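Next come two complexes, and both contain subunit A; in the first it sits with subunit B, in the second with subunit C.
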Partner chain A sequence: MRPLALFYLQQFKTTFATMVQYRASLFIWMIGHVLEPLVYLVVWTVVAEGAGGRAGDYTTAQFAGYFIVLMLVENVSYTWIMYEYDYRIREGMLSAALLRPLHPIHADMADNMSSKAITLPFMFVVAAVLAAIFHPAMSPRLWAVAAAIPALILAFLLRFLLEWTLAQAAFWTTRVSAINQSYFVFVLFLSGQVAPLTLFPHALQVLAAILPFRWMLGFPVELLLGRLTPVEALTGLGVQVIWVAIAYGLMRIVWRAGIRLYSAVGA
Partner chain B sequence: MTDPAIHIHELSKTYEVTERESGLRASVRSLVHRTREEVRAVDRISFDLAAGEVVGFLGPNGAGKTTTLKMLSGLLYPTAGEVTVLGHVPSKRLGTFLRQITLVMGQRNQLVWDIPALDSFELNRAIYRIPHAEYRHTLDELTQLLELGPLLRKPVRNLSLGERMKCEIAAALLHRPQVVFLDEPTIGLDVTMQRRIREFIAEYNRRFGATVLLTSHYMADVEALCRRVVVIHHGRLLFDGDLSALVRQFTAHKTVVLQLAEATRDLGKYGEVLSAADGRYTLRVPKAETARITERLLADLPVIDLLVEDPPIEEVIERVFAQEIE
Partner chain C sequence: MKYIRIFGLYFRIGAMGEMQYRFNFFVHLFQSILQLGMAVGGLAVVFSYTHSLGGWVPDEVLALVGVYTLVGGLIGLVVYPSMEQFIMSVRDGTLDFVLVKPVDAQVLNSLQSVDIWRLIDVGLGLGVLIVALRRLGTQVGLEQAALFIGMLLTGSAIIYSFWTMLATLSFWFVRVENILEIFRSMYEAGRWPISLYPPWLRFILSFIVPVAFVTTVPVEALTGRLSPQTLLLAALLSSILLVVSRLFWRLGLRQYSGASA
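Our next item is the complex of A and B:
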């Protein structure tokens, strides 16, 4: 275990060194990650105000709380691997990775975690500024915040494993962007990204509870906002564990098949 | 006798490629009907490398060299036949195997572009779990041999092609692999840099007793480094043996260079005139006739200087590649 920890530490240094080389693009990237939840926040605030101060079970101030926390959770769990993978295969970068005595997922995970560690402090500052402007209403309890820590870790693992697996589609097709697009539609509507899931029709809520998307975004947000009962929280963590296990198994199977194909046809 | 470091027996690799003509009509047709063709990139080749040997792996573009190197380093599954490297089956890609080999490709980039090479080296140290003391020692040696000193702290993107290649090679050797596959390590480099890398490979082989399999289009690389060469063409083994034997086997001619006291003479009756200028002539003569022809030249003509040579190695290789194999 120790050598692996040393690798993650070294990858952190590498990622940090690379990121500071691109301060401008880092800044632009952060604006993008703030703007999206901000747009939803403004839209839902207007909707709620038009409907007499609330929409569904959210007041105007609670919407503000939801999207500010969502912005932070999104920052913890999102990945960009799906945009990179087919480029990597085409450029022969995967071959370089395969020559190393270390599963390539470690390099990606270490890189992802490292850049999160670097950007998260900035996102907290942004969140504080947004809180000062929009006066969010939140009622987190201590136990819920404590439970949110494993929930966030599991959300990150689930999303990372799932999207890393989906990125492997590049082994089979060159139309990766079409797959990515349809995947993001699911994420947008069923994870709680565009709106809190309780605002959706019941059938969609059931679907969201079965599928993995809520568990990588919406669930930790609701937990942090103090909107869940201890039973709901515990059940949620259980579902997260099950989904992480499924995603891990999928990753193993798809990776093996992908590598088999890659080594058969060459690159 | 000890086991060979590399063992290849009846190794084959077949690719299936989809083919279609260019043009719109062909594009539409390819939607419903695809023509598949099997391409035999490597066709039942066999050879062994003893530990510590440096062997040149030659062949024209598309001969199957890179495919073979990829099978040897575990990136490609063979279609048939067997490969072992240091007793391992490469395609299993076990950690213990990967830690003992390296593959350097001339056009490939394993260094992180935006940061100094030294940072990429540190990453490799963590990946290969190289103990600190050993890492320091190897790095010092590589820095000295490849003259990396001033390069290590510059971002890789600011390095020239040759400087980057030196750093790539160093990165690939930090874990002191016992088996080194080099695919065109000197491609695109100037003559001085080529020579430096060549000397380095020889020195690495001497110091660590590593087995080296090298492909190159520069015959100077091969002449300087390899006593033995393996030649493949259209995926098939054409020659395996000493470089000097290759020259003997594939050259039916010798080159006679002579300087005459007077210019303007027609030497066509002695052999094929390759060049003639200012009384300096280059003739190509059948190898078996060399002695007889030189004797006649010396008797008939006012010769100042005469030199008999094997044709340059490039020409020999060209001849080998040009051979039609059935």
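Our next item is the complex of A and C:
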């Protein structure tokens, strides 16, 4: 356990040093991640205003709250591994990672967590500014915020394991961008990025409850906003645990099969 | 005329390169349809709760999605790949080869790489635009059509100048690819009518990253809600920016010292 902790600590230092070096990239990255929820925030508040102050079970101010919290939760669970992996395998860069006596997922996870530790404070500032502009309404309860902590950790783990597994597709095909894009369609609509899931038709809501996407984004958001009952929260945490277990199993199987196919370029 | 022929040549080179990978056509078609499906799906969800969005009816927003896809396709077809290659050539010194050719270097730099698969987006965008117009049922008169094309051209000139200036920055700052990414994420906001956004964001999307002029404004022209002020502003801004970007390009070029020589 101690070597692993040391490893994560060292990775944090490395990532931090890299990010300080590329400050502009950090800023540009943030624009993209603020703009998308902001666009939907604006669209839905306009819809709610036009419909007499509410649409579905959200008021104008609650929409603002939803998308601001969504932006923060997105920052917690987001990964970029699917873009990077393809490049890594094509260029033969995976070889170095394979030489280390540690499963390569640890390096990626540590890198991902470190960069979030750095971006999160900035995102809080952005959230505060957006809150001052859009006057969101939230009714968080203490127990729900407490329950949101494990929910956020599980959401991060689920999304990370799932996208890391999907990134392994690069072992089999060079057309990963088509796979990635299909995946993001599901994420966009079924995780709650376009709209709170309760605004969707019933059939889609059922689908979202079964598939993993809601559990890596929409669920913690709704929990933080205080929109779930204790029973719903507990069930949700249970579903998250099940999905993390499934994703972990998948990751092990796919990694083992994929690594057999890998033949480094340039080695 | 000469430049059209040159563009035709680069287009042929781009097409010949990609024709070796014919299966890619289906992959790109699939991706473009997904992208469009995402946009239309988003509209469907939003319009299941309202009949009009900031005064725009669903089919008008659909027309906007059409123009958004069409223009995005045109940018991806030639502007984005050419600028990307230009930035790279400043870094590794191959810009020398462009400069010694007996044609205008700025024009050549803007045409030098063609990603033919983006034609799919152009086609799909045009298709969506036509469907939306037919559903709207409004008679698009000659005047609106002319205004639409005029606004599309001024908008394209604004966007092109904006891109040229961004790319020209690479003469001073060698790594500017990241700046191009800003445009990508800002362009997403153009899928919705610009009038929805709060004033500060509207200002950014009109004058700092001028997405509005190439998405919302042409559709306004088509649906007959273009104000004379906007028309004048677009015309003025496009001519000013074309001149400014030209001057900026020449200023930047003076910085270039080559890497191989």
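Assorted remarks:
Note that the second predicted complex is superposed on the first by the 262 of 267 C-alpha atoms of A that agree within 3 Å, B and C clash if a C-alpha of one lies under 4 Å from a C-alpha of the other, contacts with A are read in each partner's own complex, and residues count from 1 in each chain.
FYI, contacts are C-beta pairs under 8 Å (C-beta built on N, C-alpha and C of every residue); 3 or more make two chains touch, one makes a residue touch a chain.
Being a predicted model, the structure only gives us computed values, none of them experimental.
Touch criterion not met for A:117: it reaches neither subunit B nor subunit C. Once the two complexes are laid over each other on the shared chain, residue contacts for A:11 go to subunit B alone; subunit C is not touched.
Looking at the shared chain after the overlay, A:101 reaches subunit B, while subunit C stays out of its contact range. When both complexes are overlaid on chain A, the residue A:35 reaches subunit C alone and has no touch with subunit B.
When the shared chain is aligned, subunit C comes close enough to touch A:177, but subunit B does not. In the superposition on chain A, no subunit A position is in contact with subunit B in one complex as well as with subunit C in the other.
Taken in their complex, subunit A has these residues touching subunit B: 3, 6-7, 9-11, 13-14, 17-18, 21-22, 92-93, 95-96, 98-102, 260, 263-267. On the side of subunit B, the complex with subunit A involves touching residues 15-16, 67, 70, 73-77, 91, 93, 95-96, 98-99, 101-103, 105, 108-110, 112, 114-115, 119-120, 122-123, 125-129, 155. By the touch criterion given at the top, residues 24-25, 28, 31-32, 35-36, 38-39, 42-44, 46-47, 50-51, 55-56, 133, 175, 177-178, 181-182, 185, 188-189, 194-195, 199-201 of subunit A touch subunit C in their complex.
Interface residues of subunit C facing subunit A in the complex, by the touch rule stated above, are 27, 30-31, 34-35, 37-38, 41-42, 45-46, 48-50, 52-54, 178-179, 181-182, 184-186, 188-189, 191-192, 196-198, 201.
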